[in-house]
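Two complexes follow with subunit A in common, the first pairing it with subunit B and the second with subunit C.
And then the complex of A and B:
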């Protein structure tokens, strides 16, 4: 049983770098499954007093899910890990949500394989501004109407329904992401900021929790390169692009721009996909295709997108003409770039072949400095030398 | 301006004047800026190569390195402007001045003087090139008799002198990308980008390969030709590389009898 315990440090398994089967460890943890192990402990309840047990864990799910090796190979052959890192969970946005609020089909312990979580269900949390039960449903509705959803399409139009993203395709491991940074600014709880809250809210961890909750929405959770890698999961796949009639390798062409290179070198002030493809100040879930009039990348809106206050605020309207996703191999679509690059390539090839040939011949000539196929007669040679200065 | 003797003797050997102090200083500024620009520029072009990130981090990473690149670029542009002013000054002082003294100042003569300047390619360069190929391909055992500036050196000279006006303004335009789009269409930024990076690659490969072969790697120069520091070239190098000039100077200095043949 314990032989299955694997030495996995999930805290350090950075989002996006682990293999596919591992990427979903967090959602796997939450989505539950069969408890083949540790069943006997559950009945005894001997280990239920855990000092860092989640505040909302009334059902004591961590009794079993606190074990790092809690895992199995599922029917599809994927490795599933059901371990919950309580330290991380308690820092996350779902800290006050009970397990059963999302895993609604679990009603006994030990439980059967749980269904996938539906993010649009109502939780038992009341949304304070409207006194209504909280749900992610409005976000899901915005997403459904965007270019990433199928709500605005006829049924015949939907060719590859499995390609459209669900919440967890992007928000796959919010709990296990390292400390985040808003563009250029350190994130986390400001002790000085917090001291103002604590003037009144003195009981328990209330101030910390709500300060975290509110500010986490204002933090940029991922650096630019992470966002690009996230979008690249689908848009970096040539077959995917082809299936949906999208232009070329947009991820590779992004990396070739200054934006991409700065992101590659770790800048978090450089724009990623979202910064240009979401209308400034709008919900990120509402991305529209570039043919849609409301799209940030519609030709009528590009200039406004580039000239957003934090970006190219002083630029002229004409900045819209800059071609971000240039494919240098496509002479029909990008003739200027294609032929300019070709010109420089041929120029360099010409210059270098010429000089490398000369260098090679010079080195060869050094071996036989005075040899010649055509020996000049002595008097001619003399004349040549004596008149050389008068040429 | 300081006068330089055409021939100096050190330890019983003759050395021939080539570059004045001002020219040597210009060259030092040129190569330090170009190397710095290459080191802070190419990691960006080849961002996904394993050496790119450590090299870029060495220059301060994405926050600092671009500023080093821009400031160094400005110094190089200033050098370009200075050099342009420098040769125009010399042209008027030495050549136009002489025409005025000789009362022969006509447009035709000025153009003629311009094309007879030592850096301007001429007919002799073409014949030298043919002589060189004859020698290299074993058709003749006579080396080309280059004058003061050989066609190779003219190529070395015009590589940066045409490269900087292409690279520099394109770099400045990319630096001030916001302001520039108020006057030029956005696609010009795509063009500037290609001009900047691809001309830079051509320049760097040419300089670090061909030019450095000529002055560093080649067997008789290794590890380093010293003329860029001393301003003077040894007699042996003069005979090999500038035989026409060598003969002329020796005659001017009254040393005809001591002229050494090239195939000695």
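And then the complex of A and C:
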């Protein structure tokens, strides 16, 4: 039934740019996935803990940390803010873990200077599919082996280790992005949909958390523009690109594309960096460099990446020839594009300014219908005669 | 007459169209040939310094460059059903969920900034927390024995004018505690019955003038002027139990300042007062007790 409910509108908006046949497949998969996940989690509990509805703040940390100005400048000169916006904190999956699960070394008041949070520690939640304590360690291991990690590199190969990202360089506190599928798809929680869950699951916030968690995971956690801006924190920095021998300003060139413009104007369905640089269906943390045979952007794989089911599913091999990161300012690398762009710019300017000039002159003529730089001969002669007569 | 009016309207219409055509030609150029993004004053300042220092050679220069680039940066998170726009804090994991108004009317923050407390390691964050909604003068300028007790009012961070008690004091949303766009500051009642903050627009103008002209003063004159500016600053600032006390008369008149009973109970609750006592017993630095030095600082 959930699948049926979801099918109502998912074709119209979530995959608005996809071929229709694939839309049906995609929506069916998502509906099925949602149903499967709901059933699985309903049976096992999303993350079982002693008290799933218990507030995260059993230690009453917000007694102090609820104040916006709780802050200081640290020894490195960085601004450190210790404020916790509880309202927003409770809108994400971390709401059910305690402060001390992450800030493990804080055990007294006043606190000693705390260490940086290690995202790979185990928290008190139990991951339901394996009945093991939950940790982000597997994600960190995948990241370490990716192009963003150093696990596959020899020590002497690692240049600029400070440039390699840690979890918090890309992730801020995750927040749910729930979807409503009840009589049409919309952003947010469907109270009517939720009320059905609550028919059976009445204890605490179980149903809300579940609903939020699952529907958020069925879509992108960030809109396309946010993803691009996130990657731009490093890859939009020319000096960073230079240090690592990467192609020029890949962010600016992305914004120049149709994809980039759609993302700029708020499209959620247009491909962002992740869609093209992560192998379809793989963990987003596993991005490989384009020279790697397993990379989504390796020349042998580009066509397959573009033909991912949500995108150009029926495109031919030639789609791999589409140059996403064209630098129009670089005549050496992209001479055809560079000079073609110049040609069209001047052509456009020539046409437009020609007509603007014509219109201006036409208006000028209407303002001064008899004006002329050269007086007609007849008029000159008459003027001469009348001047002579007067004399 | 009618013909003349028609001719005037026609002429004006043509002139307007000519103006529009000229503007359109001007407008077309960046549309066709592109333009650089509009740069803010901060960008210009940053570029000027970058041109002078390069990327910055010393840590101090690099830090300065970084600060300029991060000024007033806003971070946006789109949740579909709501968009969160918040102050960007580099490396900060948790969402702040709000933009922060700067206090444009404090004479102290001109030099000391908005996060001024640093010496007392264990309580500096708490002191900075109070600086978010209390003017420095509240604790650091206290009436002399022969002076009349201060009156306290809220002032708007943007305008510096006295405002009514903030409605935000009554919120049940704890995330908004302390975030009132206003600060408490001391003052007195003038003879005409109006209220005047001890540091108002006149004092602010004086400090701004001093900062502007500082370069023209010699070192001795600078020291003299600093002494003048800080003449009211009390060596013994108000400490926590002045307000967080179960006494009937805390230093700040919470009720008059608009704190509802619920908040008053929180501020003077056993929970808060007890914790402060714990801090005082072990950690309140001598620095804040007048003339002393923080133990932590001493051992550094």
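The rule is simple: the second predicted complex is superposed on the first by the 269 of 391 C-alpha atoms of A that agree within 3 Å, B and C clash if a C-alpha of one lies under 4 Å from a C-alpha of the other, contacts with A are read in each partner's own complex, and residues count from 1 in each chain.
Basically, contacts are C-beta pairs under 8 Å (C-beta built on N, C-alpha and C of every residue); 3 or more make two chains touch, one makes a residue touch a chain.
On a predicted model such as this, the values are computed, not experimentally measured, just so you know.
S.K.: Touching A:314 in the superposition: subunit B (first), subunit C (second), both, neither?
M.R.: first
S.K.: State whether A:82 touches subunit B only (first), subunit C only (second), both chains, or neither.
M.R.: second
S.K.: Examine A:97 and indicate which partner it touches, taking first as subunit B and second as subunit C; both and neither are also allowed.
M.R.: neither
S.K.: I'd like to know which partner A:197 touches here: subunit B for first, subunit C for second, both or neither.
M.R.: Neither partner.
S.K.: Applying the touch criterion given at the start, work out whether A:66 contacts subunit B, subunit C, both or neither, answering first, second, both or neither.
M.R.: Second partner only, subunit C.
S.K.: Is A:359 touching anything from subunit B or subunit C once the two structures are fitted on A? First, second, both or neither.
M.R.: both
S.K.: Could you say whether A:348 touches subunit B, subunit C, both of them, or neither, answering first, second, both or neither?
M.R.: Both subunit B and subunit C are touched by A:348.
S.K.: Residue by residue on subunit A, keep only those touching subunit B in one complex and subunit C in the other, then list them.
M.R.: Touching subunit B and subunit C on subunit A: residues 345, 348, 352, 356, 359, 363-364, 366.
S.K.: If we count contacts the way the header does, which residues on subunit A are in touch with subunit C in the complex?
M.R.: Checking each residue of subunit A against subunit C gives 60, 62-64, 66-73, 77-89, 91, 109-110, 117, 168, 171-173, 175-179, 186-189, 222-223, 226, 239, 345, 348-349, 352-353, 356, 359-360, 363-364, 366-367.
S.K.: Where on subunit A is subunit B touching in the complex?
M.R.: 255, 258, 260-262, 264-267, 270, 312-323, 326, 334, 336-337, 340-341, 344-345, 347-348, 351-352, 355-356, 358-359, 361-366, 368, 370-376, 381, 384-385, 388-389, 391
S.K.: In the complex, go through subunit B and note every residue touching subunit A.
M.R.: Counting only subunit B, the residues touching subunit A are 44, 47-48, 53, 56, 61-63, 124, 132, 135-142, 145, 174, 177-179, 181-191, 193-195, 198-199, 201-202, 205-206, 209-210, 213, 218-219, 243-244, 247-248, 251, 261-263.
S.K.: Which residues of subunit C touch subunit A once you look at their complex with the stated criterion?
M.R.: 11, 14-15, 17-18, 21-22, 24-25, 28-29, 32-33, 55, 63, 75-81, 84, 89-98, 100, 115, 117-118, 122-126, 128-133, 173-175, 177-179, 271-272, 275, 278-279, 283
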